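What follows is chain A paired twice: with chain B in the first complex and chain C in the second.
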Partner chain A sequence: MRKELEAQLAAQLRDEVVCVEKTDQRTIFIDVKREAIRRAARIVTEAGGRYMCGVGYDNIARDGTLGMVHTFSMDRNDHFICVRTKVPAIDPVMESITPDLPSAGWSEREFMDMLGMQFTNHPKPKRLVLADDWPAGIYPLRKEVPYDLVPPGADDVAYQLDEAPPGTKIVPIGPFHPSLHEPEHFAVYVDGETIKGCDYRGFMTHRGIEKLCQTQVSYNEVPFIAERICGICGSVHATAFSQAVESAGGIKIPRRAEYIRTLMLEIERIHSHLLWLGVAGHLIGFDTVFMQAWRVREQLMWLCERLTGNRKTYGMVLIGGVRRDITPEIADDIRAVVKKIEEELRVIHRAIEKDSSIHKRTKGVGTITKEETIAWGLIGPVARARGVDIDARRDHPYAAYNDMKFDVPVLTDCDVWSTLVVRVLETYEAIRIIHQVLDKMPAGPIFVELKDKIPALRHAITTVEAPRGESTHYVITGEDNRPDRWRVRAPTYTNLQAVPLMLLNEQFGDFPIIMGSIDPCFSCTDRVAVIDLQSGKASSMTRRELEFLSREQLHRA
Partner chain B sequence: MWLTSKIKQILMVMKPGIVTLDYPRQPAPAPATFRGQPVWDHHKCLGCGGCANHCPARCILTRDVCQELRVMLYDGSRCTYCGRCADVCPEEAITMSNNFQTACDDKNDITTRLELFMLTCQRCGRCYEMEKTNVIDRMELRGFRYDNLESRALIRQTTDTFSPETLAATEQYQRPSR
Partner chain C sequence: MNPTTETAWLLVGTNLLLFLALAPLFDGIVRRVAARVQNRQGPPLWQPLYDLLKLLGKENIDAVGILPFRLAPLVALASILCVVMILPVAGRATALTPYADTLTLIYLLTLGGVAVLVGAFSGKNIFALIGASREMTTMIMVEPILFMILLLGVIKTGSLELTTVLYGTPAGDYGWSGLIMIVIALFALQAFVGRQPFDIAEAEQELLGGPFIEYSGPNYALFKYYMMIKQMFYAYLPIAVFVPLLHSGLLVVDLILQLLLTALVFLVIGLLAATHPRYRIDQALNYFAGLFVLALGAVAGALFG
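And then the complex of A and B:
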């Protein structure tokens, strides 16, 4: 595989390939000159690569360059391919790969904002991450910018929406909207009731967790912060970060710890899918499903409280292993609870599977074809409901998944209903995996002491299959007992980019459920901790006062 | 099909009935393994500062007031209850209690302050010197941190040096009342 690709690259790019490096069984790094980045990306895509994410990093202090990595996954033969290039910081221009790979659009826009890179021929070079009033010329991910920089705000700037197609009206949804749950802004262009397009402005809760972890904390504090990226799939982010650092530092963790990580990830999948089922019911106005799914879920939350010490944010994963062991008593407890959940979920499943009122709201809604799904690089249940058979647990096994037997449910109806069915079926599979984990779990230690320093400037990439799709983490190790660069690509980051496509020519009333069908997690996408603002008398305050008040609340908290 | 589904749904709802707990009238205690509010045992604490060094939320702060007196301060308003401090404590002076009802109107109610009398090093005493060159301060430069009480207040403007005026402004800020 590697040889073939290398030969292809060498034949087509000749001396523009700088070097090919293979760090472990799975990962291949290809360094190319910046002129060749688009052609290299095209060759990797043609060889079967699925675009995962772009990673930009600041290397100015070492050789005056900014680095850019485009990462690809070869799902059929378990390889990650990272195409690396670098551009001088004084002239950070390279060719955009977005015209070939639409899912790279956000990654490139992110590093235009955060590192000041420029991509020629990018179809939509607008701001993505930074606030509209952030001053031009300050690139927060560059090392010279302090992590707590607060530039003065401005009131007179606003995001320029895309031009509305002729004959349409704009309906704003968000930043605060009952169907969104988190602050994001959609401008939906409608012709009557039919959606003709949509523009997205998000990242309103971006708080720079990556910058914080690159400058302030040490390696084994990051898992706790990573866990707070997302309120639902926290363990996924902690595991992915830990695996990336372990992979970069060559740390081998005990097998029992890997089994416990698998257990936590599957428990998380059950509770996330049950949560989603409830929310989906709520979004189509069927609150019976909402109440019952969350009732079933609650016993799992209590189980986690007994198991890890908390309902959510388990705090189980550290670099080097896990923190709490599974005793035989707690194992019996887990078995009993998941058995009960399976029984109760089957009752819900039977009660809704033939309900024609749910079918009317979900069947044939949010349809995109399999080809479009592959072109946009969609992942997780959203892709599996559209006939794309990918699952990081099976394709790139991590933790103890290579010992587990499970099916990956794939449906071909391409609509919201099939994402619902995929998620319910996956929940049964997760319960199956939990029983296997408990039966096969080997004895032994759960944590390995880190004896040596983690070497600096090693690159590593891992994916973990979160309930919503794969989470990709890219780590460059650093010198000060903390990562030099840590990039988180949550599943919603990819799936959200294709939502305008799913919405096209749908009814406006179906917006909430189409949006909900990707199980959007905006806080993952923004990489933030969610902060509840104290309700104030907003009407009598100016924006500045309100902002100051909310910042003060933040400081108190 | 619609009717049979509705009948199944009615049965699904009828069987469990009402499950809402009568909290807070009926207390719902957390399990024994719960990670709640951490409790310090000042008899056991050595003042090593290991907890302060590992706290991801930076809510445990250490400061040497003079050679013999070290203040350890736990600021519960910022705690994320990860329990890492209890993990790393060499003397097991920190336990995670199962108290989760920590809402209060004054943050001092959930702040713990220990004043520990430290022995001076018989050899030179320099470790406890209050200057920037001592060993403990140097730990800060190598990826270890050694927080102080000043950095406790987050200051809105970015400053290169610590400014007492901004701290005072932040500390004395009064929330506007209705």
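And then the complex of A and C:
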């Protein structure tokens, strides 16, 4: 793979290629001069690369440059290709690759905001991440900017929406709207009830977790912060970060720990898909599906409480392994719970499978073609519902997935209904994996002590298949026992970019479910915590109040 | 005043009292049924009444600042209360029934709907406007169905007089056209009461309450009360038209039986609402168009059959 690619690059770009190196079994780094970045990206795409994300980093202290990495996945032969370039900080201009790869649009805009890079020929060079009143010329991800800088606010600035197509009205969805659940703003341009366009202004809850972890904490604390990026796929982020550091530092973790990570990831997938099923029901005004799906989900949360002490945000993953072991008793508990969940989910599945009124609201809605899906680099159930057969668990196996037998459901109807079916089928597969994990788990330690210091300035990339699609983490190791750069690309970051395309010419009434069909997680995209933990208050309640609050909890005892 | 008129005025009061008291209770039934379908305990049966009282105790915010916005809820509630006052009680005309006929009934019902539209259109809220345009389209399609249900009675009895039209036809005389109309009335029920799958105008997840988005406090309470009473009227209508009176001779017995049957209709409403997603407006219009054609056929059948 490396040889062929190197030959291709050398032939087309000649001396603009600086070097091609393979750092591990999977990862190939290609360093090119900045003039060649767009052509290099094109060559990798033609060789079968699927764009994942861009990573910008500040290298000014070392050689006065800003670095930019465009990462690609070769799904058929398990490779990650990272096309790397650097530009001098005084003239940080390079060519945009967005005209070729639309899904690079946000990555480039993000580093215009955060690092002050400039991309020529970018089709929409608007602000993406920073607040509208953030002063120009301060780039938060540059090392010179302190992590706790609070510049003065301003009242007279506002985001300029894209121009509305003629004859349309603007319907403002958000920042607060019942179908969003998190603060984001969509301006939907409607002609009567038909959607003719849409502009998005998000990142309203950006709190700079990456910056925080690059400056304030140490390696071992980051997994817990990573877990709090998302209220639903926390283990995914913790695992992905830990794997990236382990890969950069050459740390081999015990097999049993990998099994336990797999277990937690699949439990999380069941939880997430049941949650989504409920939300989807709610979004089409079918609250019975909502209530029933969440009733089934609840037992999994109780299980996780017994397993980890928390209903969600498990806190299991560390660099070097996991924190808690699975005892035979808890293994039996898990088996019993997932078996019950499978039975109950099958009842719900049968009920909605033939429900013609649900078909009415979901079939043929939010349709985009397989070609468009590939062009936008969509991932997860959103892609698999449109005939794109990718799944990081199978294509880039991590943790214990190479020991697991499971199917990757792929449908070709290309609409909201198939995303629903894909998610339900995936839940059955997750339960299948959990049984295998518990049956095959080897004995042994669950954690390995880190003996050596993790060497600095190593680059590593990993992906973990989150319930919504792959989560990509890119780590550059640093000197002070913390990452020099840590980049998180959650699946919604990619999928959300194609939502305007899915909405085009659909009915306004379908906005909530089309939006919902990508299972959007804005907090992941913005990278903040959304969990609100209540504590302490229960102790001051009377027994009767508590009983009332936890009626269901008592029933299970 | 002779004793009969006195009784007739008493009936006006009875009807008002019954509708005002029972409409929230019946709404509570719908909520409880939905809760049970969803494995929930559900709110107390009187919860809708508590909601109303709470709303009535809140500050009245005039969000738009023009008179039509403030008047709309009053007009809506007043029009539906007029409907209640002219409505015969279990086959017996009230003191006000002779002053109205079937057409008055339809006018008054439409007036309530128009008041909702006026309230929504008086502001500039885009969600209210979209909701109101949906409400209007729904009204245009659904009101004719109501009209034809009543028209069937008019044709069968040859009178426009309300008591005769509602209660005048023995069930057997309806024939097959009546049977079709019963089916139509059932299929249109959810649209009449604005429940899933036809809660399209309010559509919480899309329009955040649509026409009512700018209303709060007492003004909103009036609209809510209007909708509850309207809902009770529409649930009671098929019982009055298609289910023969017991004629036990005792008004109270007849009335209680009718109210029990109405409660049963609410059970059906709750079940239907809990087992359907919301339709899109274009899908709903197709559905109504089908019902409309069917209703037209039934009326034609009654005329020529």
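Here, the second predicted complex is superposed on the first by the 530 of 557 C-alpha atoms of A that agree within 3 Å, B and C clash if a C-alpha of one lies under 4 Å from a C-alpha of the other, contacts with A are read in each partner's own complex, and residues count from 1 in each chain.
The rule is simple: contacts are C-beta pairs under 8 Å (C-beta built on N, C-alpha and C of every residue); 3 or more make two chains touch, one makes a residue touch a chain.
The shown structure was predicted, so the numbers you read here are calculated from the model rather than taken from an experiment.
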Chain A as common anchor, with chain B and chain C clashing or fitting: fit
Contacts of A:T313 with chain B and chain C, given as first, second, both or neither: first
Touching partner for A:T120 - first (chain B), second (chain C), both, neither: neither
Partner chain(s) touched by A:Q292 [first = chain B, second = chain C, both, neither]: both
Which superposed partner A:N505 touches (first chain B, second chain C, both, neither): neither
Which superposed partner A:N77 touches (first chain B, second chain C, both, neither): neither
Dominant contact partner of chain A by residue count, chain C or chain B: B
Contacts of A:S357 with chain B and chain C, given as first, second, both or neither: both
Which superposed partner A:H282 touches (first chain B, second chain C, both, neither): second
After fitting on chain A: smallest Cα gap, chain B-chain C, Å: 5
Residues on chain A lying within both footprints (that of chain B and that of chain C): 288, 291-292, 295, 357, 551
Contact footprint of chain A on chain B as seen in their complex: 1-2, 4-6, 8-9, 11-13, 15-16, 19, 30-31, 33-35, 54-56, 77-78, 80-84, 87, 96, 107, 142-145, 153-154, 156-158, 170, 173, 175-176, 178
Contact set on chain A toward chain C in their complex: 169-172, 177-179, 190, 193, 281-292, 295, 357-358, 360-361, 507-512, 551
Residues of chain C that touch chain A when the two form their complex: 34, 37-41, 126-127, 130, 196-197, 199-200, 203-206, 208, 274-283
Contact set on chain A toward chain B in their complex: 146, 148-150, 217-218, 220-222, 224-225, 228, 288, 291-292, 295, 298, 305-310, 313, 315, 323-324, 347-348, 350-352, 354-357, 480-482, 536-537, 549, 551-552, 554-557
